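There are two complexes below, and they share chain A, which is joined by chain B in the first and by chain C in the second.
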Partner chain A sequence: MPTRNLESTKAAPNYTPFHPRWYRPHVSVYWWLGEWHYLKFILRELSSVFVGVVVIEALMLIQALRDGPEAYAHFLQGMQNPLVLVLNIISFFFVVFHTITWFNLAPSAMPVRLRGKRVPDVLVAAPSYVAWIVVSAFVSWLILQ
Partner chain B sequence: MAKQSNEAFFWMLFSAGGVVAALLIPVHLLLFGLAIPQGWVQAPSYEHLMSLLRIPLVRIYLFVFCALPLFHWAHRFRFTLYDGLKVKHLNEIIFVFCYGGALLGTVVAAYLLWNIS
Partner chain C sequence: MADKITLEIARYSPERDDKPHYESYEVPVYKEWVVLDALNHIKDTVDGSLTYRWSCRMGICGSCGMMVNGEPKLTCATFLSSYARDGKKIRLEPLRYFPVVRDLVTELNDFLSKLKKVKPWLIRKDEPPLSQGEFLQTPGQVDRYKQFSMCINCTLCYAACPVVGLEPIFVGPAALALAQRYNLDSRDQGAQERTAMLAHPDGIWGCTFVGECTRVCPKHVDPAGAIQQYKLAAVVSWLKSFVLPRGQDK
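Presenting the complex of A and B:
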């Protein structure tokens, strides 16, 4: 009787039962327009673009200051341009939106517990707002002296 | 060992930039974008701003003010493109555009702020 070759039994194919592909619904590129919550999320993320706009304006101001008083006056005049003004008004709403949504997320990102009980979200977010007001007042005082 | 992801590093830059942006960007925009051009407050004189710029701490502050929010934008915009516009297949181009752009802005800020006469 021929002996069973151990190598061939090791190489036996591993059969699995048949399974159809999992169903993945096709998601439209415009998925974010479907619900207000989705739109709010995308607007929050797009606030980063307007943050970038403010940084670019700050770099332009620094360049103008390096170039001399006339360049600085020219920069201030440029800020009065109606198109720039519209951009800045829109940017202002978006950057404040960023600030508010950022501070309001902090209690969710870092749940604070005191003696086992969860501290209310308002109390965790409030110090950030206080710091925001204090820092803003200080910066304004420094610049407008 | 599985390949280590760099996501944590970029996320930290995003987070730090988000805090800096949340605290400082609104007041700077309010002053130089709205209040001063519209005449709600007196525009600071050139000499006053230059005297502020000459203080090294102020230049470091301005560098952080420019660099970190740019990386905040880079990270957030990258994922907005992935999730919002569903262009994840372009991820190499998007990566270079976003973080490269932020790096470029950082280098420009460093160059402008390095030496103030």
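Presenting the complex of A and C:
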């Protein structure tokens, strides 16, 4: 069996390993505009801003209620501003989008197992939707009664 | 006479080109032909210099992944006939976000080093003697990790993940899913050893749950699910460290 002479390999002078010129593609700043899946992801992330808007409005509402009828009337007047109305309409659609997308993603983050078998994703997501409908119906009943 | 379809193939020669360009080839469309058959046809009869990886032709080796009309696909499992309608063309490019070595061949060393970092093998703290026999698992225990063990390292999920493109240091979907595959294995005792690499901004916390890795996975591995499940487990373990500062891993 011929044996490799390690010493001579070590001593080989000026050895330059072959290194090809790789082409490294550049990722555009607008990578998310080209495909619907990416755009949907960015819209889902952006929806958090509108969820924040709704939360701030809810906190302002509670503060107005605490401060009395005059403050509440002032709050309602502010809400009738056309710009606020437009913002609220946009926020509504984003909050619904946010809710649906996250409810649909929940089963993959929290798989439920029963008797060693994974429960279908639809059944894991369903309780969230049911709770959403029940709470919405209760709030509607409170407002409309 | 079979229908024809045009393949626009990204060509890049490191000796000659600064960036890739496209060359068009017309190939016949047979109903049993996949995109890889068309590439082999071109290489055999039209242009022998066309370079791409392939091996098994049956969706197991994970070598022939490419961008087919902008979508990461295994070309051995993508039929020409699904693109042949309405005179459509097929544009073939190397998998996105990877450095290109030549034509459709990508550089995989970065992926392979990330894969190694998450220690995707069984780690034991104790090594029972062979006389004790094999480690037995119930079907339920196998079922917990089986889905994540189906990965063939085709790297389609890396080409689908924008985080991989924007943050090249991100460990990436396949490696994280494979780490979770071993974490969930009842024979493994190395979950804690993997934590340093996984529960890290370049690990699971780099993932923003775009979910594209799961959508494009040809083996239905669901890497996005694996990562989110690990995120949840990491948070629970972190909370436990407050509630049960001692003995949380017991």
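As a convention for this text, the second predicted complex is superposed on the first by the 108 of 145 C-alpha atoms of A that agree within 3 Å, B and C clash if a C-alpha of one lies under 4 Å from a C-alpha of the other, contacts with A are read in each partner's own complex, and residues count from 1 in each chain.
Convention: a residue touches a chain if its C-beta (ideal position, glycine included) is under 8 Å from a C-beta of that chain, and two chains touch if they have at least 3 such contacts.
Just so it is clear, the model here is predicted, and its values are computed rather than measured.
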Partner chain(s) touched by A:46 [first = chain B, second = chain C, both, neither]: first
Touched partner set for A:108, first chain B, second chain C, both or neither: second
Greater chain A contact set [chain C / chain B]: B
First, second, both or neither for A:127, with chain B first and chain C second: neither
Partner chain in contact with A:117 - chain B first, chain C second, else both or neither: second
Contacts of A:35 with chain B and chain C, given as first, second, both or neither: second
Contacts of A:27 with chain B and chain C, given as first, second, both or neither: both
First, second, both or neither for A:89, with chain B first and chain C second: first
Shared contact residues on chain A - chain B and chain C: 27, 32, 45
Residues of chain A that touch chain C when the two form their complex: 20-25, 27, 31-32, 34-35, 37-38, 41, 45, 105, 108-111, 113, 116-118
Contacting residues of chain C [partner chain A, same complex]: 12, 14-15, 17, 19-20, 70, 96-97, 99-102, 107, 138-140, 143-144, 162, 165-166, 208-212, 214-215, 222, 224-225, 228-229, 231-232
Sites on chain A touched by chain B in the complex: 27, 29, 32, 42, 45-46, 48-49, 51-52, 54-59, 61-63, 65-66, 68-69, 72-73, 76, 79-80, 85, 88-89, 91-92, 95-96, 98-99, 102-103, 128, 131-132, 135-136, 139-140, 142-145
Complex contact set, residues of chain B against chain A: 18-19, 21-34, 36-38, 41-44, 46, 48-50, 52-53, 62, 65-66, 69-70, 72-73, 76-77, 79-80, 84-86, 105, 108-109, 112-113, 116
